[in-house]
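Handing you this structure, nothing more for now.
Note that the chains are named A, B, C and D in the order they appear, and that numbering of residues resets to 1 at the start of each chain.
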Amino acid sequence: MPKGSLISDIGSMQLESPLILASGILDENGYTMRRMLEEGAAAVVTKSIGSTERAGFTPPVVVDLGDNLLNAIGLSNPGIEHFKEEISIAKGIGKPVIGSIFGATAEEFAYLASRMQSYGADAVELNLSCPHVKGFGSEVGSDPSLVEDIVSEVKAKINVPVLAKLTPNVTDIVSIAKAAEKADALVLINTVKAMHIDIYARMPTLSNAYGGLSGPAIKPIGVRAVYDVYRETEMDIIGCGGISRFEDVLEYMMAGARAVEIGTALKTYGRAIFDNIKRDTIRFLESEGIENIEEIIGAAVKK
Amino acid sequence: MPKGSLISDIGSMQLESPLILASGILDENGYTMRRMLEEGAAAVVTKSIGSTERAGFTPPVVVDLGDNLLNAIGLSNPGIEHFKEEISIAKGIGKPVIGSIFGATAEEFAYLASRMQSYGADAVELNLSCPHVKGFGSEVGSDPSLVEDIVSEVKAKINVPVLAKLTPNVTDIVSIAKAAEKADALVLINTVKAMHIDIYARMPTLSNAYGGLSGPAIKPIGVRAVYDVYRETEMDIIGCGGISRFEDVLEYMMAGARAVEIGTALKTYGRAIFDNIKRDTIRFLESEGIENIEEIIGAAVKK
Amino acid sequence: MIHAEIIRKEKLTPTVSTLYFHWNADVKPGQFVMVWAPGTGEIPMSLSHIGKEKAFTIKNYGPSSDMLIKLEPGQKIFFRGPYGRPFSAVNGKTLLIGGGSGMASLHPLISRNAFGLIAARTREEILFMDEFESGNVSVTTDDGTFGIRGNVLAGLKDLDVDSFDMIYACGPEVMLYNLYKHLKDKNVNAELSLERLMKCGIGVCDSCSINGFQLCRDGPTFTMDQLRYMNEFGTEKLTFSGTRVSVH
Amino acid sequence: MIHAEIIRKEKLTPTVSTLYFHWNADVKPGQFVMVWAPGTGEIPMSLSHIGKEKAFTIKNYGPSSDMLIKLEPGQKIFFRGPYGRPFSAVNGKTLLIGGGSGMASLHPLISRNAFGLIAARTREEILFMDEFESGNVSVTTDDGTFGIRGNVLAGLKDLDVDSFDMIYACGPEVMLYNLYKHLKDKNVNAELSLERLMKCGIGVCDSCSINGFQLCRDGPTFTMDQLRYMNEFGTEKLTFSGTRVSVH
């Protein structure tokens, strides 16, 4: 079976495989993004960029929970004006670079999106879901009317595909998904609100106390979110959360995802993960007699 | 340090240690509950009982995810009328038995609660949080005014302590906690909405498709919920979710829990887990020079 | 779930078939798996063959076993396990007492030193009789169409149970309970493999418990000594919803 | 987090102290841990002693190192690791080149076969000089208060770098970059341990990267060959917020 069998598309963006690097993991420095693309990612999402420079939180900003991870980086970013160069470095190799942005208002998102497009980003991902910074992220992303405004405003300003990344930390993710229906695709899910306490120090380990849980622990939560939204909408979905093996990719795709983003598994398996999963996925498709990966999208969902 | 240093209380209920068996795990049969008490649980919570018999879902009702578990038992239960005998068998040994109940309305909860009390239950736990049965559980538990009604109605009917068990599958658990403030204690958290797909069968593994995730994967989510609610309310809290080692108990207690419930870890470590955790907790208290476990409740929380 | 391809199927009786497959796992006699019939159900099933080639020997009772028994070579089967405490291994003469599909879990114990006492409803439902050495097997049928008419106890009359180093038994709870009562005051070693409703197979749901012991984990095999303290054994059990009913 | 009790503390210079503790782990020269100063911060720190007794040798820069350096025996220290690619072990003559607190990570490599070139700001900041065999050490100070006045390159002038089987170096990036340029066309084996901002220590946050390699994982030690392809080395880096700035 030719490698071409893994080709995916998200709106107008063509991907050589469904495997994308998730936002916030090894994508602050343009050279790093470029290396991820060279070593097998079909596309990278940049870390989330805001309108002004933000230091983010003081370390500890991660808690290593084995295969899982808790983080509160705190939307540390250089500000959109300083990010042009990273995008151009990353784009050096010609594969898609997706610019992730965060903000507090629809106008701010629209401004950031048009800057990202002008820098050459092949798509823009709206971070409506960071669970640990007040006033941004999931506070924004749990308000359906604000989500709708942001997506409309951004869609009106740019031509490249718009991806809306949603938080699982809501009572009903389907209603948020519907509010974002003008987006070209949804990204499900961001991290889950969580905390770790060091019992010998008697305090939360993260300097911010609160953080977001990622890694295999949240995969069943992400798969469920994708299944739910696929069943209830007609939108394209990118799965995310706890993917570290080809089985995980297929689970997400059978739940309805067209592509996936991988983050925390980079810690556990290193950059080789993209090529390894690609190889294993092709083997699975061959042994199951599946000609084209499109066939399996949503295969497990009773609509 | 004497064993007495682990004594906890929840309302008027005295516990020889903070370690309680969680609802739904090895607590359908009175003899099993009794064995759990004999082998070290300070109290047991029965599986959730409704007003009429329910078969629950057809197997597969669990997916074994290693240390974690996905379940959709489906509130299988014999109906309150048939449960009297199990409570009396369980109470044979004299330790507290907590009756868990579920229903759709405040009246149904109140009726079930008074039956449980009349059977001799030492406390009643309101399951406001089962994530995978339509019309019950988390649908009930994500509506603050319904939660308030249920708790008030039940409190008006019975004298034994009332525990309200909440779902983490909501945007804002603190507001639900506040709605339940008349309860003697809160139990945080129930399972997290999740799903597993078998990629070779191309369908969800659970017959009900959706299930609830439990085990170490959800511990950081539970600790965060406890911390949040402890910081924002004055209520007594029982921690639950992913506890399998003494460190986990202490994490929950430092986040604000007075006691904890243990479920999935029974699968991994067997009935000896209660005694093992008790021993390790006493050792920790000794080595850290803590006279009384009360000292550590909420120790990590900046109020 | 583990999945495997069925490589062979043998129809043993009108209601019982064996499905063979490759599964690279170390399984001991008496252990079981939870077998999934996707879309239909999931049921406990002993491994009747535990060599390199593994097999289930399935009796058609209801929807799940029906779906499984209709699978053909080349199709996939899904299961998880192995689970449960195996029969303990002994040297010496053994007596295998199997009722109905209970013979499936005893099958891996058949050897030259094993004597079989097979209980079946009727002649054509007798399982594995030919796999014992000639003269080493005795059969009872409820309707008397073969061997001794009656139940297992009738078959035991002619046997000197004290002469065996170990007795292994598997079958419906009522049969095992009668056997237990028959043996309990004799000087014998025996292990009984019990059958009860099993929803989870991994010791969490409580549907298979007897006096606080989980069949799926502490069992399904129990010694005579263990059974002595179980007043639910042979008397009461919980239904699928958890309602307490009599075993009879 | 791992936690340990400080068993001993040694003040080496006005700004540098060593904290000793027991930690039962196999740590190799050049590896580091992330040390937590609860309530203040978390910073990367090499293990300066890697035997049964482990130690950090800490220089007081800012709030976190300040809090750590003030800890006393009996108090707890918190850390996670070990992380990073160690220096590779070689037989033969080695040259250890350390600038400032960079000497901490070289300390476990001090042996009879090792020659030390120690760069310090001033006389009282010289680290570990006495631990080399006499005659096997050379020192430079910025202010000329001891040894050769000037930087590491000044100290190298008198040394025949080709005569060493391996050169290990650790210090500020500018020093290492100058060293790299000095050595790159010579026939030498060298490994440089780099220092950059590290937020996570486990290869996810990208704050420590040089040309797509994570110092915390692919490094902090790099060979001359690896450095040859890194145009960010010695030229540009990202700040705490991710802003690209010049290294100088």
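The working rule: contacts are C-beta pairs under 8 Å (C-beta built on N, C-alpha and C of every residue); 3 or more make two chains touch, one makes a residue touch a chain.
Please read these numbers as outputs of a predicted model, since none were measured by experiment.
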**Prompt:** In how few steps can one go from chain C to chain D if every step must land on a touching chain?
**Reply:** 3
**Asked** Tell me, which chains sit next to both chain A and chain D?
**Response** none
**Fill in**
Top of the farthest list for chain A, CA-centroid basis, is C
**Message:** Using mean CA coordinates as chain centres, what's the gap between chain B and chain C in Å?
**Reply:** 36
**Complete:** Between chain A and chain B, the Cα-mean centres are separated in Å by 33
**Complete:** Taking each chain's mean CA coordinate, chain A and chain C are separated, in whole Å, by 50
**Prompt:** Considering chain C alone, which of its residues make contact with at least two other chains?
**Reply:** none
**Complete:** chain A touches at least 2 other chains through residues 200, 203
**Asked** In graph terms, nodes being chains and edges touches, is this line, ring, star, complete or other?
**Response** line
**Asked** Among the chains present, which pairs are found to touch?
**Response** A-B, A-D, B-C
**Asked** What part of chain B is in contact with chain A in the complex they form?
**Response** 65, 68, 70, 142, 169-171, 192-197, 199-200, 202-204, 209-211, 213, 216-218, 220-221, 223-224, 227, 247, 250-251, 254-255, 284, 288, 296, 299-300, 302
**Prompt:** Which positions of chain D touch chain A when the two form their complex?
**Reply:** 1, 3, 34, 36, 38-43, 76, 78, 80, 199-207, 209-214, 217, 232, 238-244
**Fill in**
Counting only contacts in the complex, chain A reaches chain D at residues 25-29, 31-36, 38, 47, 53-56, 58-62, 64, 69, 71, 73, 76-79, 82, 85-86, 198, 200-201, 203, 205, 207, 263-264, 266-267, 270
